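In what follows, structures are represented as structure tokens.
First chain A sits with chain B, and in the next complex the same chain sits with chain C.
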Partner chain A sequence: MVDLLIGIFLATLITALFTARLYRLLMWYSLNSLSLGLLALTIGRAQHDGAMIISGLITLLLKAGAIPWILKRLSQRFGLVRQITPNIRIQYAIMLVPAILVFTFYLAEPISHMVEGNANYVAISISSLFLALLLMMEHNNIAPKIVGFLSMENALFLLGTTATGGMPMLVELGIFFDLLMAIVVINLLMRREEMENSGEAGA
Partner chain B sequence: MSLYLLTVAVLLLIAPLLLGVIKALKMWLLFKRPLSLLQGYRDVAKLLHKENVVSEEASLITRVAPFLILSPLLIVLFFLPPAVQGAWYVSFVDAFTLTGLMALSTFFLMLLGLDSASSFGGIGASREAFIAALAEPAMVLTIFAVSMMAGDLGVGQAGVNLASRFPEKHMASYLFAAISFFILLIAENGRIPVDNPETHLELTMVHEAMILDIGGVWLAIVETAAAVKFVIFASLFASLFLPFGYGLAWPLALALFVGKLFGVALAVALVEVNTAKLRLFKVPNLLGIAIVFAFLSLITFYVLGA
Partner chain C sequence: MMVALLLLPALVMFAASFLHTPRARRLLPISSVAILIPVGILFLHAKPWSIWGDYLVADDLNSYVLLVSSVVGIGVTLALLTLDRHVAITEVSTRRFYRFFALFWIGLILSILANHMGIYWIGLEMATLSTVYMIKTNRSAAAHKEAWNYMIVGAIAISLVLFGIILIYASAKPILGEEAMLFDALLAKAHAIPSPFLFEMGFALATVGMFVKMGFFPMNLWLANIERASFYPVAALFSGILESAVIVGFFRFSTVARAVNEAHLVGFVVAYTLLTIFIVAFLIYRAKDFMRLFSLSGIEHMALIALFWVGGGTFAALLHFGAHAFLKPALFLSTGVLESSGRYHIAGALKGYRGVRGKLFYFLVSLFLLAIVSLPPSPMFFSELYGFGAMVDAAESSHHLLAMIGATLLLLILLSVIFYRFVAIYQSMKYEGEAAERPVYAAEVAALAIFAVGLLALITPAAMHFLRSIA
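What follows is the complex of A and B.
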């Protein structure tokens, strides 16, 4: 079950890399967070870890539901560009994605003995970190960059849940508050971009 | 032996029905009055009564090609993994043989398109070559990855192994292979994001453009070949990626298998209703995703072991 959910996590992230439409991208991000939340619930139930179940529920509510919805609302309000073509051409992306996966495996090998449980999950989490970074890099527009940032946070959460068997509750809650703060900052950022755009239109 | 032949006969019989089901489901989802499920059989019966008209430019190829389109697919039908326990199966046929036989069929389809010397045939053939050249490597990789997970390179044996011992340790790579294979199923059968089987608009045609110039019995054969190809892909999907219910008593297991085929048809119909057809030059992006997932499936299996 854990393997399946991690597979869905990675698959949605990779599909998001190739997406050229904003709302589709938000949908993939939502599915990505959904699999992450379910993963946290599964691991939490297996380890009888109440804190992890709570953070899984918060993930489901916040990242799979609220944040994509808020981002969609914001992008509608500010009239953001919805056609987001990746800068990296698909031929190169096809070669990059598997290369990242293989590279991170060797990157994670030295620390794999420190991890309790399955060491491969560390490699997958780090590779999804890099993939999220790639998502941020390959777009010029602000909205997909935000989604890339949020996916990066998802990858860190995955690393936290699978490698350590549950971070302290306080750390996780702190991350969630950071995320909410980030959304507020992003709102301001979008407002600024809108002002610049309207300024250009006026001039 | 009898079960083996029965399975092949059932698959062959429901082939036109499956395509009819997709069409009817699509019409029903679009609030149209669905056409009869038997329309596929009626079309074949109608075409069998018509005379064969051939273009003046056509050579011997046009007369031979329809049979060479259908026969490799019929051979593949005999190499599929078994649907029920205790049935015979061919264990040694691997990904290369299956893909190669289907590529042979596609090759003659393209020759048929070129042979009529109409411009449409040329368009269709070049597009088909363009799509097939990208789909086949992904197909070899995907089937290869699944056979590695099942522990046997033969596709038939792989299906049996998967049914008896599901690769729970390798769920991640199994899922990647399933995604890749579903994209291939859509691309190779010319369903909507890649090709629209229902229009005769020159901008969108691929499969229809190649068979525009033939009629009568030959058209019936080529249409049957298209239906058989869908059945092959659907039953490969059912036995490689939905390997449950194999050990039931044989009438139940066969019924469940046919049910899975209709499930695949339903999934294809839902995809067709919900997506717009891609521009031809965007099709490599879709097939690129299929290749990436096929690669990732092999890599996660070999390198990560997940």
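What follows is the complex of A and C.
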């Protein structure tokens, strides 16, 4: 089950890299968060770890539900550009993604015997981090950059869950709080974006 | 109780930012002065002092950093009173600036006092996010672009720090459990960490994140562009408070890393800081406006602090840190006056200041400019003297004497390039260009005077003795 959920996590992130429409990108982010939340619930249940179950539930509510919905509302309210063509052409991206995966598995090799859980999970977390960075880099528009930032946070959550068996509850809650604050700041920044891009509304 | 006392001034500032009366603004400097009361209590108490369990623990190092940051906060709130006379800012934006400044303060108090890596990161992230809106109070297109830049690059930097923290936690969790998040527990068991490689990988990533946040290689122009685009108090807050919180984190992480493998720590940090100073020295040489000049100089000084700290010059690093924390905000706030109403010229920038306030402003800016290039009796003169001395001492006891002396010589050459540029700029400000009468307000002169007093306090025997005791 854990393998399946991590596979879905990685697959949704890779698909998000090739997406050229904003709402679809938000959907992939939502699915990415959904698989992460379910993963935390599965591991939490297996380890009888109440804190991880709570983290999983918050992930489901906040990242899989509330944040994509808020971002969609914000994009409608401020008339953000919905056609988000990546700067990196698909044929190059197809080569780049496996290269990143191979590189991170190679990078994680020396630490495979040092982590408590499956070392491949750590490799996938690190590769997700790089893929999220790639998502931020390959777009000029603000919305995909925000999704990249949120995906990076998901990758770190995955790393925390798989490499350490879950971070302390206080840290998890603090990260969620910061995430909410990031959404408030993004909202404030978008008000200005609306003024700058008023000509782009309805695109 | 102590946590509430420490956070109360920031909470008062946050609440006052919602009041629509102009009198509320007068409350803001008072609230920032009020933080000196709990900080004073920290100094009176025996240390280490658990303020909030194992999460927030006051020791001499973070009490010192908090005191310096509080004084900087007082200076900045004073200068904020006259911000609208130098730049175009609306009442709503000013109130929002204070609101986010209060959140910024809360984040930084948590970060500075944190004994817990997670709390440290949460505070730093909170401060980073609140700064984004402070950059945006300038309603220019450039500031808007830089606010997004800060959001994105800042998020990447802070994510690298969290990435590093997770790996460090994973490396020590088998022996410490959840206590692997505590700096003091990590330090106590540093020799027993079962996977030092994992720890070092985490340390390297966290350090790169912190260094990027301070504008080190490869993001040397990142902060300079942001500070150029935003209003001058933002730059003062960055250099005087935010960077202080980042460097405290570096001090904490590197202390543990030293116990794990000192040679790796020194090699990594010396190479990184040398590369940064090498690039920054040439960027300073080509800087054509005050903001970029001071911003790049800030990177150089933060690199020197990191270098002195790992090179064995703990006292020098702390002295340099205090001097930089007072000098750089003072210079950024002065820039607001020097560039008032969009005036960007270096030539003749110091001309035209008349009356007692004008003359005092002229004197203080000259003092800060000469102090930042380490002319004696600037605290930076002593810190560099002790810092380089400590590096040579450390090299003598290692197998890398020639490499360390070579690095020190290279550094001295690069510092002379910076020295030359600053002196040339000072002369241009003083002797070239046309004189035109320019206003200086009492609040900003008072802010600069506070920084000057702080600077003088650093070279008193009592302060030096205290810093040596931390080392």
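To be clear about the criterion, the second predicted complex is superposed on the first by the 197 of 203 C-alpha atoms of A that agree within 3 Å, B and C clash if a C-alpha of one lies under 4 Å from a C-alpha of the other, contacts with A are read in each partner's own complex, and residues count from 1 in each chain.
Keep in mind that, in the parts below, a residue touches a chain if its C-beta (ideal position, glycine included) is under 8 Å from a C-beta of that chain, and two chains touch if they have at least 3 such contacts.
Note that the coordinates shown come from a computational prediction; the quantities given were computed from them, not determined experimentally.
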Clash-or-fit label for the pair chain B, chain C on chain A: fit
Of chain B and chain C, the chain that contacts the larger number of chain A residues: C
Contacts of A:3 with chain B and chain C, given as first, second, both or neither: first
Superposed arrangement (fit on chain A Cα atoms) - minimum chain B/chain C Cα distance in Å: 19
Doubly contacted chain A residues - partners chain C and chain B: none
Contact footprint of chain A on chain B as seen in their complex: 168-176, 179, 284-285, 288-289, 291-293, 295-296, 299-300, 303-306
Contact set on chain A toward chain B in their complex: 1, 3-4, 6-8, 10-11, 14-15, 18, 90-91, 93-94, 97-98, 101-102, 105, 118, 120-121, 123-124
Touching residues (chain side chain C, partner chain A) in the complex: 55, 103, 116, 118-119, 121-122, 125-126, 129-130, 132-133, 136, 139, 141, 144, 147-148, 151-152, 155-156, 159, 162-163, 166-167, 169-171, 173-174, 178, 181, 194-195, 197-198, 201
Of all residues in chain A, those that touch chain C in their complex: 110-111, 114-116, 129, 133, 136, 142, 145, 149, 152-153, 156, 159-160, 163-165, 167-168, 170-171, 174-175, 177-178, 181-182, 185-186, 188-189, 192-193, 196
